[in-house]
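Take a look at the structures below.
Common to both upcoming complexes is chain A, partnered first by chain B, then by chain C.
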Partner chain A sequence: MTTGIELRKLRKLYEGHGQGAWAVDGVDMTIGAGKFITLLGPSGCGKTTTLRMIAGLEVPTSGQILRDGLDITDQPVTDRDMRMVFQDFALFPNMTVEQNVTFGLRVRRMRGRYSEAEIKKRVFQFLDLVHLADHAHKKPHQLSGGQKQRVSLARALVTDPQVVLFDEPLGSLDANLRKIMQIELIRIHRELGKTFIYVTHDQDEAMAMSNAIAVMRGGKVMQFGSPRDIYDRPANRYVASFIGHAHIVEAKVAGRDGQGLVVSLGNGEKVRLENENSAATGESVGLMLRAEDLAFGEAGPGMVSGNVADSLYRGEYIEYVVELNGGAGVVHVHARTDLPAIDQGAAVAVRVNPHKAHVLAH
Partner chain B sequence: MSSIALSAGENAKTIRSARRLDRRRMLFWVVPPVAWFTVFMLIPYAMLLYTSLGRVEDMRFIPGLSLRNFIQVFTVDPYLSVIIKSARIGLMTAVLSAIVAYPLSFFLAFHVRSSRLKFLIYLLVIVPWWASYLVKAYAWKTILGSGGILNALLQKAGLTDEPVRIFLYNEFSVVVTLTYIFTPFAVLSIYAQLERIPTSLIEAARNLGAGGWMIFWRIIAPISVPGVVAGGIITFSLAFGDFVAPVLVGGPDSVMISNIVINLLGVAFDWPMAAAIGLVIITLGLLLISASGWLEEKTQIRF
Partner chain C sequence: MRAFGNRPLIITMAMCVLAFLYLPILVMMLFSFNDSQYTGLPFNGFTLDWYRQVFADTRLLKSIWNSIYVAGGVVMLSVLFGLPAAIALDRYEFPGKGLFRRIVMLPIVLPGIITGIALLGFYLVIHMRLSLYTIMLGQGTALMCITITEVFARLQQLGKSQMEAAVNLGANEWEVFRHVILPAVRSALAGAMLIAFSISFDEIAVTFLLTGRENTLPMTLWSLLRREVTPEVNAVATLVVLMSVILIVVGMYASRGQAATPREN
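For the complex of A and B:
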């Protein structure tokens, strides 16, 4: 028996305009208890539908949802011990902040669990947790977006659910507020130790907060792993290009030497990778090169050569667009801003970090 | 220094000319609504007031400044009692309309998923308005009358041998007919309010473990109050001022205030009295609208 949530071959068919489409197409995933898991992907990738099926707001077309080993696929939404935080906050507009948070403690299932005095105490304890105790008497329309989202969070947490589901909760907040709320969510997750399942299309958010990320596309999970795994060792080209700013250069596996895998680019230049052992000699692969893993250096063996096509001043660094010699591909290179600027068209040599470059199967 | 003084003088001049321009622009925007208001509201009401202060002698209008007509509205039978009865019929119609309209609006807002079906039902609610009011009122005669559909059904079911005569030509039939005719207004207003409730609100409540009744009483019902009030004001006002239903399906004792006004105008030729009643009703109406406007504002939910 596994504790936590297990999704088995979960599928959901959406009927629309006479033809059906798989919104979720065979998702298998195990979400350990107490973890912070993110479903990440562009809109329409099935992440929200997956979350809503876990919540019980959508019925799966096929497949199973298990909770601590028990099948809950057909359990009604009202009986699932999971709370959802909605993108549009979904606060009850006719109630005050306090009444909103109290609502979940007054449903039939919770009756008798807490006394009236305990309810009041608990509500304020959770309003304190989200720093809103001073706003208890206000109506939702008197709050800012960030405050509304915190009420929504308190309302979800106050009933002591073991699982909290988040449907793009920060989507409608501005960038600064989003950063503050991310830190808040990490803190709350750490303090309460609940399972958080989080849906977002924002990769930075996913990277910063999660224990594990499921990158989704077309209703399927492309890769499920830790943020570091997904960033450094993406399973395929889609994940590589969706996460971070990776450039993929076509290459062929030339062979192996004592230090690792050697791949040759289209122009014959060779690059050594130290952490790779998955590819066979002669195989065509994509070489993933991230800007921060590349640096300019002196021309010589093991270096990749090219010309600067463009440069972009980013404040923290200068981003150079480098066209590799012989049409082997394009990479971006980050350089410190205090180094002398390199002119457009100048010939450069680029050093590839052998620990970070990664090959992707075709 | 002199250049500063000069520029200050110039400045004052530009401000003056800007003000002139502003005033001219303002006239352009202000005159049409004021003219409209004067022609269609102020003058008719002034004429009404002028008429109500005069009297009629030998079928001729004699201008005056007497409040006699207004005093009569409140002292001479049956004016006040008929106003009260009209208000009662209006209120019953408003309440019945809300009772009929609420479930339909609820069904339309929460249970009809397909937008095409929604539109179709919406249309079915509106379509009766393509038929003449008179036809619809007559239809109730054929339903409620002693030889009508209702009696035929009752007799067939063996519930009665004789035709039951209590269905038609009384206050009951007036209220039923008015309810039938004005319910669409209640539906539109309640539906519009229910439609504003986002699905996520219901989902959030279910997610928190709330059952259907709790969701209805704690969330949907409170949010729908302003819609019910707005619909109630419309149906009450329309039913209160109605004069066709009392004539067609009402009995001798179900005369409403509009019927009296019509009689005063046409038969008795007492225009001043009719004008006085009209002004009293308008004043009561304004009071009602401000009271219900206040109530609507009080109960309105901001999302």
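For the complex of A and C:
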């Protein structure tokens, strides 16, 4: 028996005007109990629909959802013991903060589970957890966006669900508040040990908070792995370009030497990569080069040469746009701001970090 | 902001419109206190006699009661059927939904006389005796669409997520209705009830065709007026105006109470 949630060939057809379209198209995933999992992708990639199917708010067209080994595909939403935090908070405007949080404990199906005193105690325990005990008597319209989202979170957690679902909960908050709430969510996840399934289009949010990320596109999971896996070893060009700022340079596998794979660029220059063994000699590949893995150095063997086409002052660093010689491609290189500036058009040599560069199948 | 156009002209026009609307009512109210057999000048002095006559006229009082009774029944019918219909339109998919949504306004667009004739023919076919209840049915079916459209519009505004949140927290259908839908549509519902009541109260075309032995106030006034405009009619009309004003004030209070707690965005 597996604990946690398992999605098997989950599909959802949306009937549009004219013909239908697969909003979710064959999602297989195993989400371990107690983990913080993020579904990441642009709008329309099927991440929210997948989440809503897990919650029971949407009915899958085909496929199965398993919970601790039991099929819950047809279980009504009210029986699932999963609570959702909505993007628009979905607080009940006519109720106070306290009444909102109490709602899930007072519904008929929970009757008898907690005494009045326990309800009161639990509600304030969770209002404390989200630092809102002083606002218990307020109505939602008297709260700020961040406070509303905390109420929504407390309301979801108070019923002690094993799984908490988040549908872009920080989407309507400003950038600073988002950062604060991210740290809050990580803390709450650690303290409570529940399974968190989180939907976002914000890759920084996904990277910072999750144990694992599923990158989705067009209703399919492109890659499911730890944030480090997804960032350092993306499975394909889509994931590589969606996460972080990667530049992909066309290359060919030249062969192997004692320490790793050697690939040659379009201009004949060779780059050695360590920890890579997935490609066969002669194969055309994309070489993923991230700006922070590149550095300027002295020209010589193993270096990639090019000319500076542009420079952008970013505050933390200067970002140089480098056109590689022989039309091999364009890369961005980050350089410290206290180093002498490089003029536009200057010839430069770029060193590639052999541990971080990564080849992508064509 | 600078008002555009000619200010004195606009004020004059506004005054004219207000005068055309309210001066006749004021004149009518004035004459209801005139100590004269006829509605007209000269003004012979102040009297409450006409009001005394109204409150002594059992036929008139009975018809006022009938009007309130019918309007109350109409409001009940329109809520009883209109509220579930609006919720069904908002939440559920069913065959013919598109058609239903489009023809729901038909009864109020149709001239009352047509609705009345159609219903009269129908009642005759099914051998239903004409009474206050047939009036209620006739007006209720026509006015139900006000409740449906008002409540439906509010539900569309409300969106799905509050209901989904309630279901997600374990609420059953009744609890969703009681704690999410009803609070959200309360003011829309109250407004629709008020409109239905006031339209029903002075409705004459449908009522004229569907009434049995008992008459509503507009029908009684109509028959009184056929002889002449007596000051007694003025007195009744003044009372109706007074009641309408009270209803409007109550309605405004109700909607202002709602405005103090603005909608969730």
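Here, the second predicted complex is superposed on the first by the 362 of 362 C-alpha atoms of A that agree within 3 Å, B and C clash if a C-alpha of one lies under 4 Å from a C-alpha of the other, contacts with A are read in each partner's own complex, and residues count from 1 in each chain.
The working rule: contacts are C-beta pairs under 8 Å (C-beta built on N, C-alpha and C of every residue); 3 or more make two chains touch, one makes a residue touch a chain.
As the structure is a prediction and not an experimental result, all values here were calculated from the model.
**Student:** Look at where chain B and chain C land on chain A after superposing the complexes, then choose clash or fit.
**Tutor:** Because the two structures are overlaid on the shared chain, the partners are seen to clash.
**Student:** May I ask you to decide whether A:Thr48 touches chain B, chain C, both, or neither, giving the answer as first, second, both or neither?
**Tutor:** Touch status of A:Thr48: no partner.
**Student:** Taking the superposition as given, does A:Lys139 touch the first partner, chain B, the second, chain C, both, or neither?
**Tutor:** Both chain B and chain C are touched by A:Lys139.
**Student:** Considering only the touch criterion stated at the top, classify A:Asn94 as touching first (chain B), second (chain C), both, or neither.
**Tutor:** After superposition on chain A, A:Asn94 lies in contact with both partners, chain B and chain C.
**Student:** Could you look at A:Leu57 and tell me whether it touches chain B, chain C, both or neither (first, second, both, neither)?
**Tutor:** In the superposition, A:Leu57 touches chain B and chain C alike.
**Student:** Determine, under the contact definition given at the top, whether A:Arg109 touches first (chain B), second (chain C), both, or neither.
**Tutor:** Touch partners of A:Arg109: chain B and chain C.
**Student:** Counting contacts the way the document defines them, which residues of chain A are shared by the two interfaces, the one with chain B and the one with chain C?
**Tutor:** The overlap between the chain B and chain C interfaces on chain A comprises residues 55, 57, 77-78, 82-84, 86, 88, 90-95, 103-104, 107-110, 139-141, 155, 159.
**Student:** If we count contacts the way the header does, which residues on chain A are in touch with chain C in the complex?
**Tutor:** My answer: residues 55, 57, 77-78, 82-84, 86, 88-95, 103-104, 107-110, 139-141, 155-156, 159.
**Student:** Would you tell me which residues of chain B are touching chain A in their complex?
**Tutor:** It is residues 198, 200-201, 203-211, 214, 218-219, 222-223, 301-303 of chain B that touch chain A.
**Student:** Going by the contact rule set out above, which residues of chain A touch chain B in the complex?
**Tutor:** It comes out as residues 55-57, 77-79, 82-84, 86-88, 90-95, 103-104, 106-110, 139-141, 155, 159.
**Student:** Enumerate the contact residues on chain C facing chain A in the complex.
**Tutor:** It is residues 159, 161-162, 164-172, 175, 179-180, 183-184, 261-265 of chain C that touch chain A.
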